[in-house]
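Each of the next two complexes has chain A plus one other chain: chain B in the first, chain C in the second.
Up next, the complex of A and B:
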């Protein structure tokens, strides 16, 4: 791997991958540290996972392994400041262990943790200042706001893309547009530009021609956030579904995590199924599954990394919910070594089953929401 | 007729057993505890569990199942946290809903303890007592008495263990969650094996918990799981008084996976091994590992003497 040239005392920032979110994060870091450099780690490959798995604890969840892999590859390329966040479940403790693992491997770096308490605005600001960010609090907030708004725009269009991409007249047009938008977001530096981008792409997304058959299948995706958001970790299941001409609805995204989450409300939305919050996003998984059930979706796919405690807490609930709403749920668990063919086979079987169900129960009351294409609102637009 | 309350003898029973028993007795309920964990129970529990849930959670479901039909209500409390940085594992937060959804026929009672949301111990037990139709004064008196009993019991165990530290034999600290160490099916056979081979097992939860929680931060700086703090703190406090440390973890425990890794990487001056327990545990394999570990400890002691 080629190493970048680094001046003495120059800070080279890096962070783990998660889907396409490296775009706003890299931009944010560039804004925060005009004197430093930002190194986006190389894209996740088989090698990343191998590296990560080799140095991670035995039964840790896959996101940890992916993170470690990303860090090692970034350090090899010359990064010297690593950033980690951490909230919710055991994700909050990732940073401390990862720092130690990388130190034991002999790398020299600073570890910048934005976990738990450190993620609060005031503490985060102090952390950035300590690392040499020259900005005033107002400027700091402005940059954070831009990053947050970028994420929101990304997720808004990603949501639309997931729902429509299987039906584009010219396959790949949504992906192309989305890619262009990411390019532009990478350069953005004011809120005004962001608003322009949003307007422009709202226009161009709506102009892409789609042809939806009248009897399309709709599948909702719920589960643990990292596995949902990092396509490599779920073996590109959404693309696979789009190939089968299925409407994919997934509300969970970084924007949802940052702005849309309301534990109390989603606990209420789980109805009789849950009484308490079982950690992280498990209530959201249940609440959204219930919603998909009510809207008459054809199926739900529940994805998580192996051993994810909150989602396992939610699974007995989902079993009951699936029975009550008569909606099939496919449970997939990924641990970084998951066999792609195996998952594909299960997915194909699931899709076949959905199609057969649709034929059998054509005019039945099962599809409560009717066959009309329904736009889930997704992350707020 | 007295109301019958079923208490599953798993998970936090090994931390609050005396408290719960006294509390329910004091407010005039009859108690039915499940039997000691056994193989059949574990298998029953595993059958009703999600494959990936942890070993003690499977055992817990086995206990709950065995109580169905034997009592009026089963006691399944929910623990979330005791403060901002004293959090319980997510499993305890979801336990109530898991049991409710797996065994819809069972009648459950419980409470919700989350100090950061102003749901303290007093309030939790007050609510619990009220659902059983008791008056506030009775409940608070019962709780006060129950807490004293629990404290006395903890104190006694602690003193016993302090005595053991003075012994001359090979001393091994079992650092783990209490529901692993004291479970008669998974942790206690291990302790018995240690004793059989002439060494003395010491338990991390029989040390002073308050001190442990503070000292844990010497090894794991930002640790926020309270039970892990207690087991790690015991290592920080007693690592120089023991010959070796065994980290006991259940497969696949969420917090232990991270914390034990860090302990293994940071504690270098005392021999440490990690033993991971799962459903397919073979006693022979375990005995071999223990034997070789104890041999190492003996050799080490001879070399330094």
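Up next, the complex of A and C:
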């Protein structure tokens, strides 16, 4: 791997991959550190996960391993400041452990973790200042807002893309548009530009011709956030579903975590199914599944990294929910494996089953009022 | 044809979906050779019939379904779950629950009104499958086929932890060393398979009769009896219980038939495969190339069509 040229004392920032979120994050870092350089880690490959697995505890969740792989590849290319965030499960302590692992491997770098206390606005600002960001609090907030709005726009269109891409008259149209939009977001520096991008792509997305059969199948995807959002870690399951002409709905996204998530509300939305919060996004998985059940979706796919405790807590609840709403749920666990056969067999069988169910029980699903195409407002609702 | 990890099964059905020829052999890690040898024996048994038989459609299932599908130009290539469901429903249209235990995997299929409505399949581990029974049989120095009858002779089955194969094994060794009789140990193992299966796959599922038990392990009467005891329902084991996947594949092929007659000479061709890592982009897909008489027939494993065609076209 070729190493970049680094001037003395130059800061080169890097961070782990998750889906396409490297676009707004890289832009945010460029805005925050005009004197520094941003290095987007090389795309995740088999080598990334091999590296990550070799240097991670065996029983840690797969996202940790992917992160470590990304960090090592970025450090090898010349990065010297690494960024991490955190949430309410083991993820909250990823940073500390990863920093130590990488230090033990002999790399020299600064580690900037935005988990727990550090994630509070005031502390985050001071952290950025310490690393040499020259901006005033107002400017800092403005750049954070731009990044947040970029993420919101991305997720809004990604949601539409997932629902419609299986039906595009010209396959790949949505992916192409989405890619163009990411390139524009990569350059954005004012809120005004963002508004223009949103308007422009609202228009072009609505112009993509789709042909939807009247009896289309709809599947909701719920589960652990990283496995859902990083397609490499779930073996590109959404693409696979789109190939079978299925409407794929997934509410979980970075925008959802940043703006849509409300633990109290999602606990309430689980209805009678949950009384207490079992950690991370377990209540969201149940609340979203219940919603898909009520909307008359044909099936739900629950995905998690192997050993994800909050989602394991959600599973017995989902068993009951699936029974009550008569909606089949496919449970998949991923551990950074690269063999697709097992997942494909289960997925194919799931799709076959949904088709057969639809043919036989069509009347039932109609009577539940779920037959029409439902456009979910995604992060906005 | 049902090409599984351990065994390869083939059937020929007539128009009325009745079996007129069947074969069951070991895959031995070489699905191409297994398919060829299976075709040979099927052709032979068809030759013994008193009439001319034309094969109008071919279906494949099992973990090597894709490979065999390309090899035979199959009309239907289906996953095991659908194939097993369809096969069983053709014999037992009222079935509500299917237990299937094969060499490496185990499935639980729930049916309502003749439609598969839910299923579960074992995940990362082969506990509670045929592989567990055969490895323990080897350890005890008995043939896996004898296990069932031996277990039925037991009056006091040993209690063996069923959660995990490795623990079950140490549990069994401990019991053997402390003086349990062999048939009690074997009976304990058969029960362990059932409890493991029900704990893992049956979690949260409602099991309703009629229950059909199939797959290689269904040939073990002690496992079938343990299922009856645990679930409280009678368990049906068909005489063709080991062939249900193949029967299902054949029926799916019949439905999808393209109207061309299958030529048994396919078995005489030479097939070979080669896997290489594509360096075309950072994804580094493992591309498997499949050749017939030295000509590239198909590739899989590649995420995009831009794999290294020149490399793929070369036969090793």
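Quick note on the criterion: the second predicted complex is superposed on the first by the 375 of 381 C-alpha atoms of A that agree within 3 Å, B and C clash if a C-alpha of one lies under 4 Å from a C-alpha of the other, contacts with A are read in each partner's own complex, and residues count from 1 in each chain.
Everything that follows uses one rule, which is that contacts are C-beta pairs under 8 Å (C-beta built on N, C-alpha and C of every residue); 3 or more make two chains touch, one makes a residue touch a chain.
Since the model is a prediction, treat every value here as computed from it, not as a measurement.
A.B. asks: Tell me the contact category for A:42 with respect to chain B and chain C: first, second, both or neither.
C.D. replies: Second partner only.
A.B. asks: Who does A:360 touch here: chain B (first), chain C (second), both, or neither?
C.D. replies: second
A.B. asks: Of the partners chain B and chain C, which touch A:341 in the superposed model: first, second, both, neither?
C.D. replies: A:341 contacts chain C only, not chain B.
A.B. asks: Determine, under the contact definition given at the top, whether A:175 touches first (chain B), second (chain C), both, or neither.
C.D. replies: neither
A.B. asks: First (chain B), second (chain C), both or neither: which does A:333 touch?
C.D. replies: Both partners.
A.B. asks: Report for A:319: first if it touches chain B alone, second if chain C alone, otherwise both or neither.
C.D. replies: Once the two structures are laid over each other on A, A:319 reaches both partners.
A.B. asks: Check the residue A:306 against both partner chains and state whether it touches chain B (first), chain C (second), both, or neither.
C.D. replies: A:306 contacts both chain B and chain C.
A.B. asks: Going by the contact rule set out at the top, does A:193 touch chain B (first), chain C (second), both, or neither?
C.D. replies: Neither partner.
A.B. asks: Please indicate which partner A:76 is in contact with in the superposed arrangement: first for chain B, second for chain C, both, or neither.
C.D. replies: Neither chain B nor chain C is touched by A:76.
A.B. asks: Applying the document's definition of touching, compare chain B and chain C: which contacts more of chain A?
C.D. replies: Touched residues of chain A are more numerous for B.
A.B. asks: Output the chain A positions appearing in both contact lists, the one against chain B and the one against chain C.
C.D. replies: Residues 306, 316, 319-320, 333, which sit in both footprints.
A.B. asks: Could you list, by residue number, the parts of chain A that touch chain B in their complex?
C.D. replies: Going by the criterion above, the answer is residues 57-61, 89-90, 92-97, 100-101, 104, 113, 115-116, 273-280, 282, 306-307, 309-310, 312-317, 319-320, 333.
A.B. asks: Would you mind writing out the residues of chain B in touch with chain A in their complex?
C.D. replies: 50, 52-54, 78, 80, 89-91, 93-98, 100-102, 104, 112, 220-225, 251-255, 257-262, 265-266, 276
A.B. asks: Which stretch or stretches of chain C touch chain A in the complex?
C.D. replies: Chain C reaches chain A through residues 63, 78-82, 113-119, 121, 123-124, 203-206, 282-284, 286, 303.
A.B. asks: So in the complex, which bits of chain A are touching chain C?
C.D. replies: Where chain A meets chain C, its residues are 42-43, 45-47, 236, 306, 316, 319-320, 322-323, 328, 333, 335, 338, 341, 344-346, 348-349, 352-353, 356-357, 359-361.
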